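Beneath this line is the structure, given in structure tokens, with notes to follow.
Just so it is clear, A, B, C, D, E and F label the chains in written order, and each chain counts residues from 1 on its own.
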């Protein structure tokens, strides 16, 4: 099967890292197509970045539909454009935040999230509420690392993530850590080893869920709000979306 | 004061109608600038339309910042791009769904929403949850009118909205109706008269709230998640967002 | 328009202060009638004080109806008698707690409340639940100031409020402070300046909301539970309520 | 032990009926003092009636404290003045709505409420939310009987209550009925027999709970928000509340 | 009346202690039958212990039905087997956690729980959610005492419970403590005296509630999910459950 | 990998059917060990049946630990013994209700459940609350089929399930159906074809999730409440649980 892993930001190095992490957990027969949009922000650290990135996600879904795709992963912890993306395809579309929450809830009764910046913690809080997972999460914690520091200064970033995770372990009465950024996808094992707790990371969780859904032949429902959008005109720079 | 009322779709006729409705309730000294993006969908009837429209909303906030603006209204019932927009300005930004919910909750203990299409009802449900208003809303009802029918076939649209509102009045044990589409902004009084219930409409509610906030000198907080987005590069068609 | 701002306690000095704060934000054409009941507690610091004050609120609504009133504000942070008051008039009736919560939610994703006494914090908690705003409020904090200290010892009171607000700013991960007592209505700007965060105060918020609602011709629904109470006999000291 | 059962309205016939029902379930050694305030509404059918009745409840608590009382019951389904009453005494104070909800939750996983008027249903809804019982209650149903019809036209009232209860049994997927008015206290057994479902009535439930709490020596906490109100001046018709 | 107080673990010393505590609050005419299953764990400190203990509870309900029983108490703070037990009898069945929560909510607006082990705190959290009491409980605290230490080392256990309760009093802004283990049933008065707060203990609360329900002739509903289980075959070691 | 699929009831024919359904979706390298306890009820249709079945589930986990197992599935829609089972192993343990809810939430915004008996609907409601999925589920519907009718009278059972699913499709405004019984595992495709909606079935969903978790090396956390139960004595028929 072919899974299109969409890094919603435009930093190719992060796309590569995400693709490598995805491949690491994929089944033998799974083809991982790691992509990022041609247009958009180099990292996602605000509601605005996320809104722009959602367009890139939709473009990549459209490209994926042309290329033939069995499932999609949106590899940013805010799950940008998730519902829009689902409207554009019958294939399953999985956000890495929802994937991580679902998986974490299966191995631990309570978890904490360790994310990059405090300001994006609110996005995680909102997703917890929306996905019904708020009661499972003890605390959203920020290591206060700009996203691209994960690329430019990985050692220091790793240490701050571990330090914050250890605080979570000591203080939060939890059974697992959820990593709150797609850019941490390569660190899962090392963090788990350093912290001594199960660590759930979204990119890998989403790839495994995508494989599971394809096995089950489960596809995005075309009944109700996820049906193909009504055909209509778009104008200006979005005129190519007209149908 | 100057309020920029942003119609997130690109249909100028709807922008005019929204602007007229806004002007109708504005104070003498209030200047209403009704605008719509140059790029985007001609109507908003899906998650995808909403995601694209959010970019147009952000563009219009940026234009408004150049022009000098005291408050913004996002005149689509899904409040597309609301948090992103708030990051881009210190001026208040008000979505018409939240405005309508807040106002309705001040005059009635329970209300129902009458919207256009059933498929967008889920967006209203999600906003009710997010804004803490779910317990106030008895039912989200759809008149099953495509948005542009409000422009092209206003008489028939009006009659279907009234019919659905009368069903709500008869069955839902409510004190008020909330209209679930910015394109209904000119119909408020007529619907209220026909239905015999208070009717809350979001464009007008948001304009009045915006005036109230400017009076109070309340501005979007720049502490926490609504602070100006971190400066960064954007590439491709969004490169003009780089800072 | 004429707005009757009801201080539910009987301390005229506080009524004056509230009236002045209301006038400070009111539009040019707005007449502020600041009143307090003839009977009731000199301050409101308990459920019992609030229950008694609710009668005074209702008396003032009745007086306001005789005098002609376009909107009412209940200027105590527990919103005492709110639903009863709404039954007695078609004019909008706004509690300062609900006004402050609604306004704060439009400028910040999360806020904390700084109130007078810890024992009344529970009233704020209950209103947060009832108005659907619990998720928005990080913490209800008390400066542990008896209400009348705001009159008798304003300097010390101010300093304690600022100190508690600064703790909220440092610890609560918030974008705004909500002041939890009508008696703080004159301190908004000074506290905001001292704390360096947006501060939302309920009396002023409610006046601006009331003006907005009158602009919109929104009136308390007479359908359902807010309809005029069934006519009936009252006996004893409340016999004047018979209809 | 001595339990003061306070009918918050001023209709002596209803007080008698409530007292009789209370006595019917009381233990041998329990003295039931059924009282009603000297001042207030003859029945409680609105938020306003409830606000006024709360004063009468507080007066009766004060009288009960003079007389020596082991526990209080507030015998109106809106639990008017409950928290205020608790501040005024160390004895337990139990509202009949909360008593009925607690008891019903012990014998059935889901119940429906059958109350008098639709307009007071909202009070039951609010209490269900506040007491954490919303998930237990399938539906709040109204027989649309004015409260005093229970006195003046008991046969017709009984039949309407039974009819509505039978609809609840047929449609609501429930295990029990909760009667939503203190004035139905004498009908419990007859309704249960006619409907063929367990019926929980609040006055009797509250008396039994009060006895239980006295057995346990549980008293209203004087730590936190239920502590005796701060001593202060009251003026006008409430000056006798000054301490 | 005859109340069967079931200690779900098999430690007879704890059964005796629970029986004594139950008798201490029972009315003169109440017969307390304190029992424990012949099979099961010697203490309950995990989900697994609880699952096994649920069978013992059901066996004791069956034995109680043979012997004639007016009400049952399940004397373990996880309320193991509660719904199953209710299916097996028309008599009321009360768990000590629910009993304690209900009673605590009647005397204090907020409480904290002091339990034995941190790992069983999650069971209390889940029950708080299920019973609608989560908002009432500020914190679930563990004294980190293995359950049988309450038998073997009562003095040390008492001191740790008091120490944790004093922390709750100092930090949690509460009006009462709920004791989170049936094995603390004999300590209620001593803890309350040492802590200076009302203390609610479940065994005694449940006995008093059971007496109340029997007075009211309230029985477990046989309509809906608590009806007698469908007759069917059981095999193996559970074949005696066949009907 | 080796997945032990535990049918918690003792009907071997159902175990076979479940095993076949599991095998149908399993990856080539996955070994499915379908088992049922030696002791317990022949079907699960009540809280009591579920409590007894939980013991059988634990026995099968213990047997699985001896045999070497990579993941477990509990193949009854009430997820009996789920937390206890998790304590007994490091391997993932997945209930079919949670698996179905998670998967359904990834392909549809709202779903309805079609289960066997109305009386067990309450179990589904409780799990929806506990797993945070209540907002996703529009309605729990019962086809009113005894569980073993699925074995003895499959054609009639199938028709009733389809009929109820069609009602859900027509009335519930949903995007998917969740099948609410492990005994329907073989019917998924046929029901989906007959109803024309995506159908999510728990056994298959859980097997796919289990494979995903094993791929990810995610194991049940041994920190906190899912840690191995404290070693202790069990007596009587459960003495073999002593450690």
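Note that in this section a contact is a pair of C-beta atoms (placed from the backbone, for glycine too) under 8 Å apart; a residue touches a chain by one contact, two chains touch by 3 or more.
No experiment lies behind these values; they were computed from the predicted model shown.
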Could you tell me which chains are in contact with subunit B and with subunit F alike? A, D
Between subunit A and subunit B, tell me the centre distance in angstrom, where each centre is the average of that chain's C-alpha atoms. 29
From the C-alpha centre of subunit A to that of subunit E, how far is it in Å? 43
Out of subunit F, which residues touch more than one other chain, so two or more? 83, 109-110, 118, 121-122, 129, 135, 173, 224-226
Treating touching as the only link between chains, describe the layout with one word: line, ring, star, complete or other. other
So the touching chain pairs work out to A-B, A-C, A-E, A-F, B-C, B-D, B-F, C-D, C-E, D-E, D-F, E-F
What residues on subunit B touch subunit F, complex-wise? 118, 121-122, 129
Spell out the part of subunit A that touches subunit B in their complex, as residue ranges. 10, 37-43, 45-52, 54-55, 58, 81, 83-84, 86-88, 118-123, 126, 129-130, 146, 224-227, 229-230, 232-239, 241
Contacting residues of subunit D [partner subunit F, same complex]: 109-110, 135, 173
Under the definition above, what is the set of subunit F residues touching subunit A in their complex? 25, 27, 83, 92, 94, 98, 102-103, 105-110, 131-136, 169, 173-176, 197-198, 200, 204-205, 208-209, 211-213, 215-216, 218-221, 223-226
